[in-house]
Each structure stands twice: as structure tokens, then as C-alpha cells.
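A quick write-up on the structure given underneath.
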Amino acid sequence: MITIITNKILGKDSTSSKRADGRASDELRPFKIEAGVLERADGSAYLELGGNKVMVAVYGPRELHIRRLMQPDRAVLRCRYNMAPFSVDDRKRPGPDRRSVEISKITSEALMPAVFLEKFPRSTIDVFIEVLEAEGGTRCAGITAASVALADAGVPMRDLVVACAAGKSEGEVVLDLSEAEDKDGEADVPVAIMPRTGEVTLLQSDGNLTPEEFEKTLNLAIEGCMKLSEAQKEAIIKRYGD
Amino acid sequence: MGVTIIPEIIRESLNNLVKNGERSDDRSFDDYRDIYLETGVISKAEGSARVKIGKTQIMVGAKPQIGEPFSDTPNVGVLMTNSELIPMASPDFEPGPPDERSVELARVTDRCMREAGVVDLEKLCIIEGKKVWMIFLDLHIIDYDGNLMDAAVLGSMAALMDTKIQEAKVVDDEVVIDPEKKVPLPIKEKALMCTFAKIGGELIVDPSLEEEQVMDARISIGMRADGSICAMQKGGMQPLTKDEILKAVERTGEITKKLMEHLPQNNQ
Amino acid sequence: MITIITNKILGKDSTSSKRADGRASDELRPFKIEAGVLERADGSAYLELGGNKVMVAVYGPRELHIRRLMQPDRAVLRCRYNMAPFSVDDRKRPGPDRRSVEISKITSEALMPAVFLEKFPRSTIDVFIEVLEAEGGTRCAGITAASVALADAGVPMRDLVVACAAGKSEGEVVLDLSEAEDKDGEADVPVAIMPRTGEVTLLQSDGNLTPEEFEKTLNLAIEGCMKLSEAQKEAIIKRYGD
Amino acid sequence: MGVTIIPEIIRESLNNLVKNGERSDDRSFDDYRDIYLETGVISKAEGSARVKIGKTQIMVGAKPQIGEPFSDTPNVGVLMTNSELIPMASPDFEPGPPDERSVELARVTDRCMREAGVVDLEKLCIIEGKKVWMIFLDLHIIDYDGNLMDAAVLGSMAALMDTKIQEAKVVDDEVVIDPEKKVPLPIKEKALMCTFAKIGGELIVDPSLEEEQVMDARISIGMRADGSICAMQKGGMQPLTKDEILKAVERTGEITKKLMEHLPQNNQ
Amino acid sequence: MITIITNKILGKDSTSSKRADGRASDELRPFKIEAGVLERADGSAYLELGGNKVMVAVYGPRELHIRRLMQPDRAVLRCRYNMAPFSVDDRKRPGPDRRSVEISKITSEALMPAVFLEKFPRSTIDVFIEVLEAEGGTRCAGITAASVALADAGVPMRDLVVACAAGKSEGEVVLDLSEAEDKDGEADVPVAIMPRTGEVTLLQSDGNLTPEEFEKTLNLAIEGCMKLSEAQKEAIIKRYGD
Amino acid sequence: MGVTIIPEIIRESLNNLVKNGERSDDRSFDDYRDIYLETGVISKAEGSARVKIGKTQIMVGAKPQIGEPFSDTPNVGVLMTNSELIPMASPDFEPGPPDERSVELARVTDRCMREAGVVDLEKLCIIEGKKVWMIFLDLHIIDYDGNLMDAAVLGSMAALMDTKIQEAKVVDDEVVIDPEKKVPLPIKEKALMCTFAKIGGELIVDPSLEEEQVMDARISIGMRADGSICAMQKGGMQPLTKDEILKAVERTGEITKKLMEHLPQNNQ
């Protein structure tokens, strides 16, 4: 019932300059994705990427009780990104802070374009992202896992949104910054795409990049997305057979 | 939190099963569901555990922090237990500050650990009256299928046994931390909790969510390895007789012994 | 209209070992219970027990405005246990804390079995317990007073729930721990019963007890309940005549 | 807080009574209801009072605490007044943080005490700029039948006069408390408040809840024993004329004198 | 569209003792009032008085969504007095504090008598007062500006409520206390009136005054109100022509 | 916050306009609405600006305060950005703590200023590890007609350039402030933000509220005077293509250059 996909064979064709953790500049950290890991949720997924551990539960489409949020012609997609108190070095106080409020908002916008919301007017689809351990790149990890959880819940979608960051560290454009690279790095660009069309559903940039560097970074992030996309699909296939 | 309405037919059916000595998942009255316990699951937490009792799943993390002792216990460290019934775990849980169920869970778990003397809190004093270790124990409920109390205590016990803290020395009245040297948290006692639900006039151990929803009353008993009672909490809308309570205590002795086997052998 | 019951004659047959305040091990602190002490509330009661001063107001059965709390087949019984800022040595910040949230919950569960909630579907009965001064044992004092206030409000009940704690102090099992005894004591066991049947509606245990000690403590607490129960009834009789 | 709808017939009847020089409880326009005042009612509070005006009842507690002075008044102690319209007191009060009525009550009471100079706050300075006594005055409204303002000020005045604080000495720049030696709070002035409701074109003192519910406007006047005005607050949805205000001030002088008799003679 | 009224000619007939800022005892600080300064609001006004800068927006009459506040026979008038974080010397933390809650309440009561609330049952009129810079007397400035904003929104009114404070500073009764005068002064008496009838809709007194001093102060505050009232009317006339 | 329903007919009309190369207010795709910028508007704020883009209006105030640095950057001052979508600005804004739109606005503005290195934060260190200047930047939105992001960054940039802080010296390990001597905040870089809305398949700059309400997606690009990208944030319910993003970056270079002309020439 629980499927595990690892990427031991990924990154093998990269021989460019090494990073602190020995990765090539276009190499993802080791990862695995599992679908259907929780019992109560309508859909769920678990993702590990480097030191990140992210659990996602999906409930819905279900009735929306808060009338003022209701949309007459489509479902509302609500995301809640939350960090467990023990997920970071210094214990995080429970409850939403400004960072998690912003990430919840952009996560919701990143997933929305792929979901057939118009099929479920006046209802809600709730995505709960719990970061159990954080090591850089949790917002992308959350989005990637959330797509799998949405699929696991049987929510009809145009595509499986997938997210990955690229950035600039020690003067070089690199894929999937680790926590250490992000902290000392020059820039971080989280990107989410719908892989079928390549369209971008999440894009942020934090740090300084020339337009040329930005283009390179964006391209690299999209490459990373494409790799993770394969693993997403395998996780779903393993869960439901083909 | 929404109110879940249980159809009368389910209530009746579960009551009748118990009256016939049975349960819907074929367990005997003193049987726990399958228990899964793993420690050291969160690298960034100084102690952690993932516990499953049946389909109920809790992540527990322990994080030490240096702080000030309470003024009435100047030479004693502090254990703080917090619980979050996050909306991931159940369609009935909602985001927001801990509700009364969550507060009760954290406080009962906390009392059970503290009154049993699980952690030797005096050894967590660094400078009397000024600096002590505070251990934050966070219960993250991620899948809710009944009997959170026993899972919370089991996971907390395991997480505390898994916890390593940095060595703190006092040099010239200043606290100096050696991040390289980690020592296990001083564990003095072991304690677990055993919860019974009253259904069909009987007490059955480790109620599933379905059973909790139709139970008349609940009693949770915390017990140390030496058989002494360190915590107790009645719940539910119906009363219990004194006999029922005393029998529950008796049965807890036996059941806890078996439950203890799930704990790691020692904390190194 | 206001009735005062004291227990000067209680505890007279106890000659066992003395405690710090001179009480026998099975002796309650001095107490008095009054019914009908407030004007606006539908029912009210005031209880003093040692240094504890507890006021209770009952409103209801009345309409419940919060739809999601409504029960189609019975009334909801809501309790709010609150400590006045001046009730303790160090001023308590106003508003609920975790302790009062838990006590409110178990107080509500302690009273519910006695109330004919099924007679008032879709409505609420609100019990407001204000601790004006605290000296150990306020949760039991609150429950005992709440029953009298419910009766004063004319709420139909199977029985008058009554609560009392016993515990272990200096190695001995004693009744009704004072604040000092509770602080240095080995265990505290608050108990509420319905005296007609002896059934237990509240039970907590805090501290270490062997099963034998626990049984002794439980029995002693129930004895204490029975003594207080008489005073409850007298308070109501004095208020309404017989 | 719910909105109480008063039937037009009650409004009319109360207005007509006043127009005929009468009130529903047979008082004259300048009469208070029965006043009951008792101090020292809470042993754990350093000062306390229970005050009743008619069926309105308030418990007031004063608790001193050592804290830092405000930076612009480094040698002056602090008086903090807080009020809770707890749901016990009225079917219209709801649990939760203080609403605007509660805030207004606390702030008007506070201004009345502070501006009158009731407590000699300079004597509450322990170490200039660093340590002063802060007096927390908590108003706990337990029965609400109108005219909370006057009851709050009366109870506060009595509680402050009842307050004893520990002697704080400064030894080597450290504050040393002698818990055995208690001294009365330094009371410099006495002040009380007198509230009028405008009904049927007249101002009547000490409105009951019934009268408050139909009144057009309200004016509360704080006055010191020497007859000076230390606080004033208009309320209600209708205006007052200048004449009405000045007449209320005049009447307050007489009424307050009588009201002062309810206070304890002196604070020892 | 935006009109500016200044009071350069006011106070000219006062030759009494000088104050720290050179004003006569019955002289207002320089002021200007503008109507119609915001685009989205139904009505708005901007007022400067000495160093005070106050902006007011009015929305309504509009539908009231909170059922329990609804009045069957009239509109509700809700005021929110708020200070911008940068409006005072020490940054003010955003959000309501006890002072602003009280001022919001009495501002609402000061305006209500003048508004034909009974014309709009079950609806709300919302007045948002933002203090952009504070220099003593902001509550009166807010009320004076709010009346202009209500008129600008076309809300039918009996009169234009106007507010001004007088007080006692250095032993003398003076009009319109500045921040410095208020801080060291002996008393401050904010007053609002309906100028047509002279009736008082807001009255507070903070400090010690003999009854005679109080009467003098009240009279002076009312004089100040009358001066400001002229400027209110001119602002509205300039906005809408005559 | 309420949900505003836009009639389908408006959506269609605005889309068709853009498809024909037009906008409802006759601007070209790369044109801003009229921009008004004034600094020094609040005397009590150490730096301030009033900015209008069309009918959108924001007041920005900067207030310095001495505080402790973050433990991981002990020799660096702090810039804190806060935003309030006050109900004055729009019938859709409600009182209460900042909602997600407000939080996003503050955080994007903050990142844009911080990552661009607008303020030389190292010069704001007073005593390493102990005392640094913290600059509180407060965005007070008073009129909302679309494109808050660009207005917020423009106003923040101007307010920071307007800011003067007191000279802080260290004498005997104590911070001494000279309230007479004020020095301009050390400004190292200039950065602005340029926001595009995607409507009718095209990207148009500086969307009005009307345009925002019908847009498919939004992209905001922060750029320094040297043409480097310091911040970016996509928004909206629809995706963007890579080409659209890269073209937006290209156009931002040109547009920002013109936008920079609105800033004051130098700060002091």
C-alpha cells in the first residue's frame, strides 16, 4: 500500500563542479515520495528531500461552512503550510507566523491552476502541509507532495504541479539549495510548473541576480521540476497500479 | 470543532458486540491494536519518536532549551508538554489554538511524565535559581483513530528516552555549552498510560475512534514500571462505579507490563 | 432568602493524627454553602471551604446561538471555570489559561450525568464558576457549588453532584488537602460523585499511589463527598423551604 | 454582546414616571439605592472590597507588584485598573477579552482615581527609574443591575484604603522585602463618582439597569472630598444641554458628600 | 475638488496672556479642513490642527453582515479610531489598545445624535478615523473631521457635530491644548456639540477643576467648537458649491 | 475579507480591450498611472512618504528604535516592514490583524529592500551583538485602487531616503544618543518594483483595481538601479509561461529606469 521511490540513479550524468555536499550543480538531493500514508485523510503523501520531511493531507472536495469564503461557481482551494515545533534547530512556537501565512497563500495559488475547481462549486478542498523536518526548500517540497496527495484523494486535475528551487551559491547557479547553501547563498528562486505545458504556477526570487543569471536559474529549476515530476508519477502508479 | 453525529444503529451494534464479549476488530477486551514505535526519526530534534497504535499516529519531538527555573523550584529543570490536534489528523480538527481536547491531552501526558518522575529534573539544573534545562515535548497528532492518550504517553516516553542534550558547564558563572558532547537525558522512571472505554457495561482497553464515539465513559490510568499509579483521568458523559475504577486499576497492572516491552531497552 | 450552612459539628468523631491545620485525617476544612446569592443569574450559589471562596451562576436552559455546538436531541452544558486576578498570591492575568480550560472541560463532564439534558434539545445551560479566592481544591469546590446553583435555577436533575478531594500528605492518606498540603503532598485525587448511586463523575489522580493507597484515597474522597452532600441539600432546603 | 430590545411600553412608562417626579422603585431623583460596602473580603488580596449598589455587585481586589516605572515618570508608582464584565453578571455578557463597555468602565475609574491623586504615587517609588510599586486594581463585576461606574469607583476607593503593602527597602541597590512589615497604601485624597441618567427630560441619580436601558444620555462626575471635579464622562445616544451638565455638577457636590459616609473612616 | 480652509484670521481679537506657542488663551492652533480627499470611500475628510493630521473615511449606509449587531429600526454607527504606528514619538504597535477602544466608543456616541439613523434600519454607517500624526487633541480632531466626511458621503444629518477641547494649563483656562500643554497641564476637557442647538454630544474631563473653573472651561471649549464649525461648513461648501 | 464578484461582462470587456492593444484608461501596456510622491510628510516620523499611483494612496513611515540584533547576525541592524490594509482604503478591507494579502505585501516589500541592500545595515550596528538600530517601516494603505506592491516599494524607498536617525555613540559600553545630531540613514542602493498583470494574453504594467480583479496572473519584479533582479513574486490563479516571465524581466529594466526618476535625488 505504501510505495517508496528513490532517486539513486538521478544526477548520474552531471560531472560539473562539486558542492559542499558533493552534489553536481544540477543535482537534486536524495529524495523519496510516498502516496497514501495516512488513514483518515482523503488523500495523503510523504516526501523526503535531503533533510526535509514533509507530510501532506488532503480533505475534500467537501462542504464549506464559512459562507463568506464560498464561491458560487467553483471550489475554494485552501492550503495550510505549518512547521512542527521540532522541525527546526530552535523550537518553533506553534501557530501561524507571517512566513507560513505567505507560503500558504502562494502554495494555494501554485496548485489552483491544475485543479478542476469548477467541478465543485460552493465546496472546499483543504490541503494541510506539515513540515516535520526542515532543511531548506520546504515550500517546494510541500507543493510537490501536495500534488501527489491531491491525486491520492482522487481530485481531478489537469496536471501534477511540481516544484523545485534553483539559486546562486558561491557565484554559481545551482539546483535545489540545501539549508546551508540557502543561508550563505546569493539568491534562491523557487519555481512550480505544470510539467505538461511547462507553465509556471509559482515563482519567487529572493536575492540578487542579473537577468541572464535569472534565466539560467529559472531554466535549472524547471529541469529539477521535470526530474521530480517523474517520481511523482511513479509514486501514484505504485499506489494504484497501472 | 464540529460535532460528529453517530447513527443510533452503530451505537447499538457496538454495544451488543461488547455485551457478547466481542469487538468489531476481533480484539479481546484487554488487547491493544498493533503498536509501532520508532525513535530518532527527526534529526533536528534532540529526541523524537513516531508512534502508531492501530491507525492512530503521533510524532513526538523533544527540544531542550536553557531557561530560568520557576521561582518556587530554583534547582529543578522544567518539562513542558504541548499538543496540537492538527487538521491533518481528522476531518473534525480545525486550525487554531489548542482546543479543550488538545489541552487535556497535553496536560494529562505532562502530569503522567512529571508525577512519575520520568526525568530526573534535578539533574537538569545548571545554575541554581538562574539556569536550568527546559525540555519542550511537542505532540504532533497526524492521524487520529482513537486513544490519543496512550499513544501520546508512549511516544513521549520513547522520545524522552531518545533525547540527548548538550553538556552544559558553568565557567565563571557563565553557562558554556559543548555542542560536541551530548549526554542522554537522565531517565529515572518509566511510566505508560492505559485507557479503557466503557461500552455495553464493560471496560475495553485501547478504544478505537469508532468505540470512543459510542462509549459512555473513559478512564485513563498512568502507571510506573513499579506498579504505582502516577496519573488518572476520567472522561466522557456518563459515570463509572467505584468497582469499575478499581478493576481498571487492577487490569492496568497487567496490561502496562506488556506495553512496556515496546519501549527501547535503555537510553544510551 | 440567603441561607448559610456551616459544618461546626462535622468531623467530631475523628480523633486520628493531626495535620498542620489541626484537622483529623478525615476532616474537611470549615465550609459554608449559600444558594440564591446573585440577582441576575437564573440560579446561583456561594461556597467557602477553608480559604476557598467560590461563586457560581447558572443561566439556562436558554437558546444556543452557536449553531455548530447545537445538539438536536439534548441541551449542551457549558462550564467556564475562571479565577479572579486577585484570588491567588501572584496576580493571575485575566483570561483562560490551559489549566482553566481543562478544569472547565472536566467540570462540565462531572455535572452532565446528573442533568436531564434530553429535556432541552437545541439549547444550552451555562455554568459560570468564579474563584474569588483560592486555597487548594477549587475545582471540587466549584462542582459542589455548581450543583446547588443548578438546583437554584430549577434545572431538573437526577441527583446533586458533589465533589471532594483526598490525597497523600506526609505519607498519610488525608481528606480535603489544603493549599499547603497539596503543594508539598505526594498525591491529590479529586473525585465527584452522584451520592444516590455513589457513581463517580469526576476522577483525577495526580502524584504517586500504590493501588492500595489509591483505593483508600478514593474511599476517603467519597466519604468527604457524602458529608458535603448533606450541606448542599440543607442549603437548598433553607432557600426553598421543605 | 447581544442587543437588548426594550419594549416601547416600558420606555414610555419609565419616562412618564420621571415626568411626574417619580421612579419605579419609589426613589427621589437624588437617591441612591441601598449601598453595602465591606472591605478585607479576600485574604489573598492585599486590599479588597465587595460593594453593592442595589442589586449591582462588584468585587474589587488590589494587588501590588514591583515593576519598572514609565520612562517619563521615573520616580512615580503605577496604578493599573482592569475590569471584567464576566458572563456571571448578566445574560448579555459574554466570555472573552474586555469589550468597549468594560474598557470604558476601567478607564474612567482609573482616571477618576489617578487625577484625584487618591494614591500618593510618588511614595511608591523604591529606586528611581528602576523599581516602583505597581498597584493592580481588578474590578470583577458579578451582578449587573445598572450604574457600574459609581459602584466601581466606590469599591476601588475602599479597596485602595484597605490595601497594605510590604515594606520595601533598598540595600546595596537591591530591593529587600520584609513580608512581616506591612504598611497601608499612602492615601492622599478621597474621590467618588456620581452618575445621572437623563430620562423624561430629567436627570436622575444612580440609574438602575431598567432605567439605563431607556435613558437618553448619561453623565458620570468624579468628585474629590474638596468638591473639585476630577473626572467626567458623558455617555448615551442623545445630547445634554450645558445647563443640564452644570446642574449635574452642582447636585454632585451634595450627593457625593453623603456618599463619602459609606467609606471606612481611615486606612490604618 | 479638494478645498482648503485655513484660520489665519482667527484669534485676532484675543490679547490675553501668551502661551508657549504664542497663542492667546482663547486661540486655536492653525488648522485646515478638506472634504473629499479619498477615492474609494463614500465620503472622506482630512483635518490638520497644529501638528495633528487626521484622515477620515465613511462607508455607508451599507448592509450590516453581523446579525447580532443589527438594529431593526435604525442604522448602527460604528467608529474606529486608529493611530498609525508612525504617528507618535515612540512607534505605536498596530491594532487596537484600550485607549483607542474607548475613543472609538465615545466618538460613535458623539456623532450618533446628529445622524438620521432611523432612515436606514438594519444597516451600518462605518466611520474610520486614522490619526496620521498626533500632537494633542486627536479625538476632537477626529470627530470634527468625521462630520465633514459624513456630509461628504451624503449621510443625512440634523447638524454637523464639531469638537474642541479646553483645559487648564499653568493655572489658566485655555483653549485647544497642545501636546506639551496637555502633558504638563492640570486638566483637559474635550467637548463636542451640535452647533445649531449648542447641545453637548461628547464630554470628558480629565484632571482637577473647581466647578467654577469647569464652567469656564466648558464655555471656552464650546467657543472653540463654534469657530471650527464655520470651517467645517466652508469645506463642504467649497466641495459642492453653494 | 469579502469576496468581490466581478460580472462576466466586465471581465470580457477588459480582456477585449487588451487584445486590441488598449486599456480602459487609455494607457499603453508599459505606462504607469500618474505618480505623486512627497517625503517628510509626518514630522513625528524620522522618515516618511506619501505615494499615489493613480488613485492608490499609501502613507509610509519609518521609525528607528534601538534593539538587540539577531543572534546569527550580531553586527547588522534590522529592517522590519509591516503593512496594514486598513478598512479606510476599501469597502472590502476589514479591521483586524493583517490578512494574507497584507502579509504578502509587507514580506515582498521587505525582501525587495533587504535583498537589494538598500540600507547599509552594517552601519546600523552600535555595539556588536548587543545594540543595533532597528528600522520599523510601516505601510499604511489609505486608498486602494490596485497595484499596492509597486506603490509600497516606491513609498518605502522614498521614506528610507528621507529618514534621519540620531547619532548613537558608545561611552563606557553604554549607548549615548545625541538628539540634536541627526544623520541620514545610510542608503547603499536603490530598488523599485514593477508589477504586470496578465489580461487577454498580454502583460500590462501597473494594473488598476479593475484590471487586477479580472487578471489571470500577476508578476512583480523588484529591480535595482544597476538592473539586477532583487525580488520576484508571482500571484494570481493562472500560470505564466517562461517566455512571459523573461519578457516581463526585460521590460522591467526599461520601466524601472523611468520609475527611478520619481525618487528624490539624494537623501538628507
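Which chain is which? They are A, B, C, D, E and F, in the order written, and residues in each are numbered from 1.
Throughout what follows, a residue touches a chain if its C-beta (ideal position, glycine included) is under 8 Å from a C-beta of that chain, and two chains touch if they have at least 3 such contacts.
Worth saying up front: this structure is predicted, and the values here are computed from it rather than measured.
By the document's definition of touch, subunit C and subunit F have no common neighbour.
The chain pair from D-E, C-D or E-F that repeats the B-C interface, sharing more than half of its contact pairs by residue number, is D-E. The chain with its C-alpha centre at the largest distance from the centre of subunit F is C.
Using mean Cα coordinates as chain centres, the one most removed from subunit B is E.
Taking each chain's centre as the average of its CA atoms, subunit C and subunit E sit 52 Å apart. Centroids built from CA atoms put subunit D at 58 Å from subunit A. With centres defined as mean CA coordinates, subunit B is found 32 Å away from subunit A. Residue numbers of subunit B whose C-beta contacts span two or more other chains: 98.
Residue positions 68 of subunit C are each in touch with at least two other chains. Taken as a graph of touching chains, this assembly forms a single closed ring in which every chain touches exactly two others. Beginning the circuit at subunit C and passing next to subunit D, one meets the chains as C, D, E, F, A, B, using touch as defined.
Against subunit F, the residues of subunit E that register as touching in their complex are 38-41, 51, 53, 55, 57, 59, 62, 80, 82, 84-91, 94-96, 126, 128, 130, 132-135.
Of all the residues in subunit A, the ones that touch subunit F in their complex are 68-72, 98-99, 101-102, 104-106, 109, 112-113, 187, 189, 193-194, 197-211, 214-215, 218-219, 222.
Against subunit C, the residues of subunit D that register as touching in their complex are 42-45, 48, 55, 57, 59, 61-63, 65, 82, 84, 86-91, 95, 97-98, 136, 138, 140, 142-145.
Across the complex, subunit C is touched by residues 2-3, 5, 98, 100-101, 103-104, 106-107, 111, 115-117, 219, 224, 227-242, 245-246, 249-250, 253 of subunit B.
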